[in-house]
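Labels A, B, C and D are assigned to the chains in the order they are written; within every chain, residues are numbered from 1.
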Amino acid sequence: MSALAGLLEAIVAEARPQAARGTVARYIPALARVPADRFGIAVVELDGSVHASGDAHERFSIQSIAKLFSVTQALRAIGEGIFLRVGREPSGTAFNSLVQLEVERGIPRNPFLNAGALVVADVLLGAREAAFDELLAFIRERAGSGTIDVDREVLDSERATGFRNAALANFLRSFGNLTHGIDAVLAFYFAQCSIAMNCVELARSALFLANRGVCPRTGERVLTPSQCKRVNALMLTCGTYDAAGDFAYEVGLPAKSGVGGGIVAVIPERLAIAVWSPPLDPKGNSLAGSFALERFTTHTGWSIF
Amino acid sequence: MSALAGLLEAIVAEARPQAARGTVARYIPALARVPADRFGIAVVELDGSVHASGDAHERFSIQSIAKLFSVTQALRAIGEGIFLRVGREPSGTAFNSLVQLEVERGIPRNPFLNAGALVVADVLLGAREAAFDELLAFIRERAGSGTIDVDREVLDSERATGFRNAALANFLRSFGNLTHGIDAVLAFYFAQCSIAMNCVELARSALFLANRGVCPRTGERVLTPSQCKRVNALMLTCGTYDAAGDFAYEVGLPAKSGVGGGIVAVIPERLAIAVWSPPLDPKGNSLAGSFALERFTTHTGWSIF
Amino acid sequence: MSALAGLLEAIVAEARPQAARGTVARYIPALARVPADRFGIAVVELDGSVHASGDAHERFSIQSIAKLFSVTQALRAIGEGIFLRVGREPSGTAFNSLVQLEVERGIPRNPFLNAGALVVADVLLGAREAAFDELLAFIRERAGSGTIDVDREVLDSERATGFRNAALANFLRSFGNLTHGIDAVLAFYFAQCSIAMNCVELARSALFLANRGVCPRTGERVLTPSQCKRVNALMLTCGTYDAAGDFAYEVGLPAKSGVGGGIVAVIPERLAIAVWSPPLDPKGNSLAGSFALERFTTHTGWSIF
Amino acid sequence: MSALAGLLEAIVAEARPQAARGTVARYIPALARVPADRFGIAVVELDGSVHASGDAHERFSIQSIAKLFSVTQALRAIGEGIFLRVGREPSGTAFNSLVQLEVERGIPRNPFLNAGALVVADVLLGAREAAFDELLAFIRERAGSGTIDVDREVLDSERATGFRNAALANFLRSFGNLTHGIDAVLAFYFAQCSIAMNCVELARSALFLANRGVCPRTGERVLTPSQCKRVNALMLTCGTYDAAGDFAYEVGLPAKSGVGGGIVAVIPERLAIAVWSPPLDPKGNSLAGSFALERFTTHTGWSIF
């Protein structure tokens, strides 16, 4: 067993019990049914070597982590122009808040807020032939796994309960910052939230962000070095909801979390790491997952700072 | 001339004209009188070598950059305990806003907001014999310059016009998050804002943050590696007022700015860099200074991401 | 000509030119097309005598004035219970703001805000067989005019541009404070906003509020005296958007305005008065209409204070 | 015993037990010491006849009720001009909130908010020789009682704990909406809050507001009829903190309350009424006092609506 594998084992043992202090997301029934005791962690290095522990091969709903892939696709499609329609500042408010959107006249603070992701969806609908199929194909290609797909049960749940997101979409439209039909934008958004992946797939799919924009598996340039740096900056300042400051302080890595309990993070020029534990802290980030990442950076001394 | 020195020359030439799009801070008369065309930049490497260009040896009012030194002192004095009284999240609002303070019941969002810095001042007044003298001595020691001092004219100006800060102090006191006399806290705060330093001194004084907490000049351990990483995280997420997201996106370095037109930034395990140009952008950061730092990271390819 | 008729003539002459300082509502195309120079005023006394001047017999879109009739219907249907789902405090914010709704967890501040009127619509959909038909019948009965109806062009315009209201409805639903289908609630809401009436009809229809709850034309008890007093209190504190304080200060009568340029007001135990002039002040109330009402109360000395 | 006296007796019996559901103000020690079971009520008619019951002759701290007298004095001194520096809209927020003040750039929403009263104090300091002495003389004259005075113990308590008000004053000053020394403004403000009066004095002193601006006791014209109507409108829309809507709805009278547990209200052309019961509801109004006024208007059928 490699040193890294041993470290992951130790972290699983230490982090798994922390989950008891968190709460599994209940806002959609399909998420509430996920067993709270699942815990997976996986590291994929630039050379492709994989280290995994716990439930690292079980798929879960990636939820907001999908926003990382859609903003990447939007940057590829239209470049910096997306920042005319969405900001890149931390919000200081909850991920689905409407307040700031009103104050700032329909310009979401960043693309990782729900409102911002709806604008990104609108951008992709305008820039890509079959926008969602292309997004899914992009994720499968990055993860090296053709079976990644939408979880239909989660999708139905999202659709049936997505009133807050429908409110955001209508609100954006009232400011003129949504150009496609509200139903089409919501369909795209709910579908991306419902994609299921496992920790190994998730870590592998983010590896281009640790490699100055080039996918090390395929050699494909996904983003320019400058765009890659910028997506990492976005993750660090806005990737973990209204806890980005705490997360940067404790963990010190660019990361993106989802209310399904997943978090993916990168250490530039080294590796990507994904962790999954469903119970969340009050800000909506995986409690034991954040703990595990803090342990990982403390034990290895690897951080961007 | 070293490659770095040549780069700095080029950056000065490119960045200086940008200043015309900014506005010199007018909130205190003493700042409004500073010539708008000053521009200095200095890099100090871990081995002590200095590269400087423009007005890098002229002192200016460091203003909010002082908050970097006082939060360091507070961490040294009482450790993580300071975060019971002040958060570490980006604010999403202006640096002197009272709104968030009211919503969050007297706990400032981070120590780089004015309200947070007042709480830090209160911490230091309780933890240190002669708190301000010790802060000044600490800065002189880090900068290797015994003549660094308060600019009396700026201090008088701060005192005469500091109603907003007096409001914040009284407000914090009403929530019980200030324990010393309001006058004493304000005196400390106004004094630290009025310290004058030049770019070389500023870059040198921040070098411990690029060196895992050890001052390379004296060999003294200022912060533990973990604390050092955390102060850098604070700078990245909260160091440039309500533009931390934009700044991380464009520049990608932990940095702290001041309304006097100075910005100091660090590249871990490499160097510290300071820049000065008085005209500010609408968020209160040196316009040409931010531009210069973006050029620097783009030309060198050095970034934390 | 009666003294009152003479006064109305004089007021028309004085008030009509004021309209030039206002702006006709442009948020829906159908309203933007109304001629800005229309001006009508009508007084109906408890004994049924009518005094009218200007364009008092031309119908216009009553818009938010309809909220006065729907809240009356809701009180008749389920009594005070409606105040479990909507407050009765002035809002301090714009009529279609989402901010306060978020802070107060889906309970609109009062039934005259758009969000509050959507909740009232939901109440009526649950309490009445054919809720909108009954509302229209109620208005026709009060006004003594069987031809009052929805303006189809305005209705189409409302539907085509009502994204902000759709956002509010979805938002309310996300808090569980809407129980019927969003489309049904919006259909009711848009229909009531699109009702067209003239000044005489409007003044006559509000007469029960000047008569302790009894319709003087039919003798029917519409509200109990206590409910009548309460609806008047609601009008005074919340009836003119975020200008209720100014309006009470200047005019001193319970009143309800609409962005179509209409305002209806009552003087208890005397009369009801309606005025119409399309150009609005920045708060959304008819500019010349408010002016005319201020003149009316000043000339007659009639006020509730 | 008159019918009115009998009614007051009955109301005292019914209302006094309600006080148990409220909480005595604790924000200053001197108020927290007042016995919670005190209950007084007094009606003074335009002809001077007095009806009183319970502890109607025991003095208490009038607190914010003083704002009614100071805004009257300001209107007498400089007329409508005060509304260039303070609004007249209900606030929708707590009486000592700083939020709205920041959003609206230092213009308090109305003169009954603490911030608004500080601006009124500043107006009076500029317009009157010995501003506070004149205010006190005015109150004594209206109440017909030369012994009304400041309660020194309350004043000391206000001064020792008034950090929130000091924050407001400094904040106003930072916007330029305070022209006198902060200490002078606060001294005036704390002194007016500390005036002690009893229910009979309070009702009598407000009688000019029920008499179109003329003090019926002295025959002196205090305000023009128009100004009188306007102060009543201000009381109705802003007189009971953030519960003005509820209060208008339940009671239907122009009124001003204070956290000492007093409320004074007027019925134009009839009478003034004052009630005192220290325990407050969550919005800061006397709980049993509001209840008593609701009973009074329901029993008598007297209301402005």
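Just so it is clear, contacts are C-beta pairs under 8 Å (C-beta built on N, C-alpha and C of every residue); 3 or more make two chains touch, one makes a residue touch a chain.
Just so we're clear, the structure is a prediction, and the values are computed from it rather than from any experiment.
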Given chain C and chain D, the chains that contact each of them: none
For chain B placed onto chain C, the superposition rotation in degrees, Cα atoms, nearest 5: 180
Chain whose mean Cα position lies farthest from chain B: C
Centre distance in Å when chain A and chain D are each reduced to the mean of their C-alpha atoms: 55
Averaged-CA centre spacing for the pair chain D and chain B, given as whole angstrom: 47
Chain B: positions in contact with at least two other chains: none
Chain-to-chain touches, reported pairwise for every pair that qualifies: A-B, A-C, B-D, C-D
Contacting residues of chain B [partner chain D, same complex]: 97-99, 101-103, 163-164, 166-171, 173-174, 182
Residues of chain D touching chain C in the complex: 87-93, 100, 109-110, 225-226, 228-230, 232-234, 236-238, 242-246, 248-249, 252, 254, 268, 298, 301, 303-305
